[in-house]
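Each of the next two complexes has chain A plus one other chain: chain B in the first, chain C in the second.
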Partner chain A sequence: MIPVFVVLLYVIVAIMVIYTIRHYFFTLNRLFGRHRQPYVDIGSAAWPRVAVFIPCHNEEKVIGHMLDALLDGDYPADRLALIPIDDRSTDGTLRILQDYAARFPGRVAPFFRTGGTGGKAAALRDASEHATGSDVSIHLVFDADYLPGRGLIKQLVAPFFDPEVGAVMGRVVPLNVNKSLLTRLLDLERTGGYQVDQQARMNLGLIPQYGGTVGGVRRSALFEVGGWRDDTLAEDTDMTFRLVLAGWEVAYQNRSECYEEVPERWSSRIAQIKRWTRGHNQALVRHWWPLLKRPPHLRRRTVLDGLLLLGVYAVGPLLMLGWGLALLLYYLGVQLAAGLAAIFAVAMYSTLGNFAAFFEVAAGVRLDGSRGRVRLLPFLIVGFLVSLVSVTWASVTQVATAWRRGPRPWEKTARHRKPELGVPDHQEER
Partner chain B sequence: MPGKTPAAALEGARRLEALRIHGHLGGVIRPHRAMAGIPWTAWRFVTTVALGLGGFAGYVALLPFIGRFWQVLFERGRAWLGLEALIGDQLLVFPGGISFTVPSVEATTPIPDLRVLQIAGLVSVGVLLLSFLLPQRFTPLRYFLRLLAIVQGTAILFFWVSAEPFPYRIADHVFILLTAGLVVMGLVPLVLGLTLHVFDLAFWRKLGLTAAIVVHLMVFVPLNVLIHVWLLLHATAVVMPVLFLVFGLLLNVFIFVAFYGWALSWTGDLERRKLPPPVHLG
Partner chain C sequence: MLAFLALVGVTLVWFLLPLLPALRELVRPTDIAPLKVVDRSAGLIVYFARNFRRYLDRVLPAEAGAGDYAAKLLDGTEFVRVNRRMEQLATDGKVEKRLVVLDAPLSLPGDQTFLMEVYARAPLVSGPETNYRAIYAERDLTLGENNRVFRWTHAGGPLTVGAHSILRGRVSSDTRVSFGADVVFERAGAPVIAHGEAREPPIRPDNGLTSWAPEGVRKIGDHLRIEGDLDIPKGSRVTGNLVVAGRLRIGAGALVEGSIKAHRDIELAEGAQVSGAAVSRARLSVGPGGWIGGPAIAERGLRLSQNAVVGGPSLPATVSATEVELAPGATVYGQISAMRGARTL
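Moving on, here comes the complex of A and B:
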């Protein structure tokens, strides 16, 4: 049995090494590589008709700010339809939406759901099928807590002038950074994820991920791949891979920033990351084999990147398993290599492996032109520990309950904004 | 421009370029952060390689000195902490034929009896309970305490049920942690070469940071190990797994990361010279 444990541990370490190399590669590419940002300069054009979907479930604290920000945008008003989707809210959301619809007829056209499967994916599916005319060619999606700038819609629509682009993703920037240690850590994570990881993917022609908000999908591409699926908890990852497998490009626009409210409480964060985990794992199960078969239009490196992206939440339980095996082998007195070689290997792996993620975040912060917040870098480990346990627990329970049929419950992320105070606080000094 | 010397034309172009990035009240007009890159120059390449490889070579040359320094610290530490252990030395032969001595500790490794296991069990349960009683804003601490309790729990279980003897002695524990510490210290200049020296920080800052981390670890590693020895002699081998897995090598790495984060908060050359970052558009 011991040789099996040893081999298993080697396999896990090898997978971690691959992810480590990927981190270093992406970060160095973002720092020194040529940036692909081909669409940011489009300022005037024959703008297509766009529908902006905003799924809402009890969003009275934030939806007003969101609609105000969109109505204040510079996208031609006659080309833009705002479609807040009220998904059985029990607070004041419905009243707020009716008020906006009355004040902005033809511009704000809420879609009210009173039945069917709950959750964002189902809401998007229903609204995208019923609430738009055939002249709408672009569907943008925002979460209700976001605050888009004036020019954001144009920036997000611009890539769709490229007929190969099926989806677009912008950069998400936390708004409530200075609320707690958690919000500060999430700010660092987001910086690494968008400023470095997503942009490097864009630079390298890999698979930038459509993130389900601050982005959108070409209507024809959406319906070509079968529309939004309501049986997934991560409709964004699912859509990314369905589009890529069908031959569409996903474009990332680092310049197109939108502010969001990140979870301020650990319980909200844990619920959020568990939902992401389950949704991402669903996408892994659905798409790893079609991706591995490599459709002719995909390059090998794109397939490799796609598989690593799909597996990113499966790494959590693998890492925990690795820790468990290491602990077991420690008690058994088993060494993976002879004498000094084992110590060298473990020390190098711990140092280089741990450092890769910190390097990515630190590079992102530095590129952002901010310096003070990078001092929190070592504290990322505490967020990492919480995430690792949450991801593992979500994965294990997902496998354990895989036999259950029917829709998975959707857990909404809690909002912390006080509506009467308006937009709470602005970005801290960076 | 007709009538201008090449030098004058160049100077004019430079002034024009300076004006182009000159903002309101003398500020610098930076490209949007989405476009910003890091400048890469021949000098940066030379300094990165020199600091990385040179720093590593310098460290290797210092190894015998570090071994002797640790020897002194261990001798003093034994007296300060009243350790009932013999301090010896052990020859370490690294790849490349580099050999030097590091301190070794000869002491009987206390094996926990039933009473110690019961106390350890009670403490672990207490830590576990505490993790559930702490408010949710301390969630990371709650998780960390649970991790400690779980690892400690496995150790108690091992000593309670295992028929096999515990495979490590204090001498092994000390040797592994000291050697791993030396490896991490050796990696400092190389990892910084890849992850810090590529940024536009002043040469002396990079050099200073490399030295600061190595010196910090040079002092921290042996002191940490001495505390481990003290704990092992007083609390028995039942705490060795927690000390080894949680408070050993990982602490070194996170000290390294903390220094790294601090260094990246320093002002860069471009900012100091009021120049914007470059844009590498493809």
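Moving on, here comes the complex of A and C:
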């Protein structure tokens, strides 16, 4: 049995090394590589008709701000339809949407759901099939707590002039940074994730991930791959891989930034990351094999990147397993034969995987021109530890309850914004 | 016991020492504001020009009418106002350090340097060898040969740029921009931008073209994907969006009714037309008299040959590439953006 444990530990260490190399590679690309943003300067064009979907379930605290921001945008009003999707809200969301529909007829056209499967994906599926005409060629999606800038819709639509682009993703920027240590840590994480990770994948022609908000899909691509699936908790990751496997590209626009409200309480954060874990793992199960078979339009490095992206939430349980094996083998008196592997194993243990992610965040903060916030970097280990445990727990329980079927309730992140608060001062200066 | 506690204390301090900056930032935050979102308006071609105009509205004293005098703006900036007495301005290679407001139509003699912005309320003709920080002209603006603008240029009326000029930053007009030969610029925006005289988009040929479809294609959604290179024969018509994994050549007089993309170079031969957008991951060249109806994007170089047109009067478009070259007669309806610079030939 012990040789099996040793081999398993070696495999886990090897996987961690691959992820470490990936983090360093992406970070070095962002620091020294060519910055690829081919669509960012498209400012003059015959803009297509666009529908913006905003799934809502009890969003009375935030939906008004969102609609105001979109109505204030510079996209031609006659080519933009705002479609908030109310999914059985029990607060004042319904009344607010009816009020906007009455005040902005033809511009705000809410879609009301009273039955069917719960959840964002199901809401998007129903609304995208019933609420738009065939002349709408782009579907954008925003969460209700986001605050888009005036020019964001044009920025997100611009990449769709490229006929190969099936989905576009913008950058998410936390708004409530000053609320707690958690919000500050999430601000750092987002910086690393978008400024470095997503942009590096765009630079390298790999697979930037469509993130389900501040982005959108081409209508023809959406329906070609079968529309939104309502049996997934991560419709964004699922859509990313279905599009890529079908021959479409996902474009990331680092300059298309939008404010979001990040969780302010650890309980909200843990619930959020558990949901992401389960959804991402669903995508892993569904798409790893079709990806590994490598459709002819995908290069080998794209496939490798895709597999690593799919497996990113599986790293948590693997790491925990690796720690357990390392301890077990230590107490059994087994010494790892390869010195380098032993070093990596120790490094894996002492750094919650590897420090490359910290390097990535620090580089992102530097690229953003921020100064003081990078000092909080050591505290990220707290955030990573919480994420590690949450991801592992979510994965284990997902496997344990995989046999269960049934309706899925909305699993939304708690909102903390007060209704009277709106966009930050510097955005109002426009 | 004391020794043990001391050891624990020293260990704790030793452990916390590297965390001091983090603890300080946590307790006394210095960088806690949301990241300043880059708003689209900052990317607008006319962003700085409009800001300057608003600034003048704020700081130009209400009692300061047209005339010939020097005074200070409300923020203390020195300015000189010129209606008829041009001798107030520094000439003959001298440097004008004040902000300049020009009220009447003027022709500057040239060989001047303006260290602050020039605001022209009437048509302005600039002489040769003149250097500007930035110019805002409410009406027509004509820059002479070898002019240099270091920040931005805007004209409410037509903007004509003399040969061998260099215009850094953003160049814009509310009506049209006409460049002379050997002009270097970075970004330009106007309903019509041309090297010399602007050209209308060519008439789309309805007859005489042979329908043609590439072989070995894969239909993906609303586009056809071609692995490898593709040559579209001259005088042929292709209907649909094309994505080519290699190089794409469109023969003389051929028409693609749709958008095109190639992972390598795209070449449109003489008179070839694309009704939609053209996107190249490498270089894009449009032959003489060629036309692209939508945005033309190239991740490296882009060249518009003689009388090539992008967009149309009712079809605004963008030309964006690392480097852009415009031959005489090349015309863009909308916007040109070149990170490493655009140049007229």
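Please note the rule applied: the second predicted complex is superposed on the first by the 400 of 430 C-alpha atoms of A that agree within 3 Å, B and C clash if a C-alpha of one lies under 4 Å from a C-alpha of the other, contacts with A are read in each partner's own complex, and residues count from 1 in each chain.
Operating definition for what follows: a contact is a pair of C-beta atoms (placed from the backbone, for glycine too) under 8 Å apart; a residue touches a chain by one contact, two chains touch by 3 or more.
Predicted model only: the values in this text are computed from it and were never measured.
S.K.: Overlay done on chain A, so just call it for chain B and chain C: clash or fit.
M.R.: Because the two structures are overlaid on the shared chain, the partners are seen to fit without clashing.
S.K.: With the two complexes superposed on chain A, say which partner A:358 touches: chain B (first), chain C (second), both, or neither.
M.R.: Once the two structures are laid over each other on A, A:358 reaches chain B alone.
S.K.: Quick check on the superposed pair: does A:36 touch chain B, chain C, both, or neither? Answer first, second, both or neither.
M.R.: A:36 sits against chain B and chain C alike.
S.K.: Taking the superposition on A as described, I'd like to know which of chain B and chain C A:221 touches: first, second, both or neither.
M.R.: Once the two structures are laid over each other on A, A:221 reaches chain C alone.
S.K.: One more residue to check, A:149. First (chain B), second (chain C), both or neither?
M.R.: Touch status of A:149: second partner only.
S.K.: Of the two partner chains, chain B (first) and chain C (second), which one does A:247 touch, if any: first, second, both, or neither?
M.R.: second
S.K.: A:366 in the overlay: touching chain B, chain C, both, or neither? Say first, second, both or neither.
M.R.: It touches chain B, and chain C stays clear.
S.K.: Where does A:375 make contact in the superposed view: on chain B (first), on chain C (second), on both, or on neither?
M.R.: both
S.K.: On the A-aligned overlay, A:340 touches which partner chain: chain B = first, chain C = second, or both, or neither?
M.R.: First partner only, chain B.
S.K.: Let me test your reading of the model: by the given contact rule, A:265 touches which partner, first (chain B), second (chain C), both or neither?
M.R.: After superposing on A, A:265 lies in contact with chain B but is clear of chain C.
S.K.: Please give the least Cα distance, whole angstrom, that chain B and chain C reach in the superposed model.
M.R.: Minimum over all C-alpha pairs: 5 Å.
S.K.: Share the list of chain A residues that count as touching for chain B in one structure and for chain C in the other.
M.R.: 36, 40, 181, 255, 257, 368, 371-372, 375-378
S.K.: Mind pulling up the chain B residues that touch chain A in the complex?
M.R.: So the residues of chain B in touch with chain A come to 30, 32-38, 40, 92-94, 136-137, 139-141, 143-144, 147, 151, 154, 158, 162, 164, 167-168, 176, 179-180, 183-184, 187, 191, 194-195, 198-199, 241, 244-245, 249-250, 253-254, 256-258, 260-262, 264-268, 277, 279-282.
S.K.: Inside the complex, what are the residues of chain C that reach chain A?
M.R.: Contact set of chain C toward chain A: 18-19, 21-22, 24-26, 29-41, 43-45, 187, 189, 218, 220-223, 225, 227, 241-243, 245, 258-261, 276-277, 279, 281, 294-295, 297, 299, 311, 315-318, 320, 333-335, 337.
S.K.: Quick one: in the complex, what on chain A touches chain B?
M.R.: 24, 28, 31-37, 40, 171, 180-181, 195, 199, 203, 254-255, 257, 265-267, 270, 326-327, 330-333, 340, 343-344, 346-348, 350-352, 354-355, 358-359, 362, 365-369, 371-372, 374-378, 381-383, 385-386, 389
S.K.: So in the complex, which bits of chain A are touching chain C?
M.R.: Touching chain C: residues 36, 38-46, 74, 149-152, 154-155, 158, 161-164, 166, 173-178, 181, 184, 187, 191, 218, 220-221, 224, 246-248, 255, 257-259, 296-297, 368, 370-373, 375-379, 424, 426-427, 430 of chain A.
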